[in-house]
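The structures considered in this document are given below.
Next, two complexes with chain A in common: one pairs it with chain B, the other with chain C.
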Partner chain A sequence: MTIPPEQMALLRRIQETQFVAVDLNLYLDTHPDDQKALCDYNGASLQLQALMQEYEQCYGPLMHFGQEASRLPWAWIEDPWPWDIRY
Partner chain B sequence: MWVYEKKLEIPVRVSIPDVRMAARLITQYGGPDGELSAAMRYLTQRYTMPTGMTRGLLTDIGTEELAHLEIIATMVYKLLDGATIEQIKAAGLDLQYAVRDKAVFFQSPTGEPWTAAYIQSLGDPIADVHEDMAAEQKARAVYEQLMRLTDDADLIQGLQFLREREVVHFQRFGEALDNLQEFVERKKVY
Partner chain C sequence: MVRRVAGEAAMAPPECVPKLLPCHIRLAEAYVPYKVYTVAFSPAEALCAGTVFPDLYRPYAACGEGGVSPWR
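Take a look at the complex of A and B:
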């Protein structure tokens, strides 16, 4: 299943930003006093939150269990699901 | 508590359906050195770790491994998607198909079901972290073996990412081990 180019572009930015956060998260787990890494992590975190909010408003929720609000009909169960998306 | 994000960690692409490759790739889904083993090992070892660093790291790497499990499942799913019965028979995988069609399942390429015997949690932090480091090396080696079995550049890119993450995880576990050894030494001083 393909998604529109604008949606794909935003999804890719979210994946890239989140990956930075994940990798820094692991690094900070073993380097808890690294100021620079912490700044980078917080920067990525803020950026990620903004990007996800934008995605959610335009294309529906990326998270469940109360992390994001929804419209009716309940958007969480809609396509596409991650393993269907054609990159 | 786990929460799910409805997106893959990275984009996953396959150039062309490949039933044989899907059947080999399943080793990183339900095989001995695959992502399920990694996730379950780390997520269960963390309970008996003595420091915030090891509890945090095992929780975080264990969680990332669940995301990798999803990537492997997606690769298998895409490799099988659109494959015809003729292609399945030609690949000698009609035995598999008879049991479970194109379903993704926790087994090795030779059909052994996943087992907790693939992992260990000894409750001894030093032993456990050494096991984790070994696990990351084994996974890295398996990804290299899998990459040699395919010419699909798109698929290789995805496997390359997973291989690189094993290398980084190994690095992090090494750092946690150093910290753990200091901690254990400090505890010995009365």
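Take a look at the complex of A and C:
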């Protein structure tokens, strides 16, 4: 299922930021005292939180629970699920 | 196969098991340089490259199809 370009662009930014966060996570596992890396990780983490919040408010849930509250009716069963989106 | 822990190897001279190996052959020693923090890839570049760190970027290349191996 295809989605509008602006929704796709936001989803892409989430994926990019998520990737940066997980790669810095792996680095910090072996370099726990690296202040610069930790600062960058915290920045990526906060940005990811904000991007996901923005996405869910505009387009619906990315995960079934743990992020935004659902509007009525229950939003998780609405199409497309994140993995149904054609990239 | 020779199974021997480092401490044990230091205590006693290694037995030549299997006998195919000369007795003076030493155990392997690995050296891994410590990674220093450098971030230069943008988030978009990092997602495509598979790493945030340019010094860990090792793109696979199809050598037989005109690609250039990163190892050469």
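Following the convention adopted for this analysis, the second predicted complex is superposed on the first by the 84 of 87 C-alpha atoms of A that agree within 3 Å, B and C clash if a C-alpha of one lies under 4 Å from a C-alpha of the other, contacts with A are read in each partner's own complex, and residues count from 1 in each chain.
The rule we apply is simple: a contact is a pair of C-beta atoms (placed from the backbone, for glycine too) under 8 Å apart; a residue touches a chain by one contact, two chains touch by 3 or more.
Predicted model only: the values in this text are computed from it and were never measured.
*Asks:* Of the two partner chains, chain B (first) and chain C (second), which one does A:87 touch, if any: first, second, both, or neither?
*Replies:* It touches chain B, and chain C stays clear.
*Asks:* Answer with first, second, both or neither: which of chain B and chain C does A:34 touch in the superposed model?
*Replies:* So A:34 only meets chain C here.
*Asks:* Hey, is it chain B or chain C that touches more of chain A?
*Replies:* B
*Asks:* Could you tell me if A:11 is touching chain B, chain C, both of them or neither one (first, second, both, neither)?
*Replies:* first
*Asks:* With both complexes overlaid on chain A, does A:63 touch chain B (first), chain C (second), both or neither?
*Replies:* first
*Asks:* Could you look at A:19 and tell me whether it touches chain B, chain C, both or neither (first, second, both, neither)?
*Replies:* Both chain B and chain C are touched by A:19.
*Asks:* Overlap of the chain B and chain C footprints on chain A, residue-wise?
*Replies:* Common interface on chain A, chain B vs chain C: 12, 15, 19, 23, 27, 30-31.
*Asks:* Contact residues on chain A for chain C in the complex?
*Replies:* These residues of chain A touch chain C: 12-13, 15-17, 19-20, 23-24, 27, 30-31, 34, 36-37, 40, 44.
*Asks:* Considering the complex alone, what residue numbers of chain C touch chain A?
*Replies:* It is residues 35, 37, 39, 43-44, 46-47, 51-53 of chain C that touch chain A.
*Asks:* Which of the residues in chain A come into contact with chain B in the complex?
*Replies:* Those in contact with chain B are residues 11-12, 14-15, 18-19, 22-23, 25-27, 29-32, 61-65, 67, 76, 81-83, 85, 87.
*Asks:* Can you list the chain B residues touching chain A in their complex?
*Replies:* Where chain B meets chain A, its residues are 3-13, 53, 56-57, 60-61, 64, 70, 73-74, 77-78, 168-169, 172, 175-176, 179.
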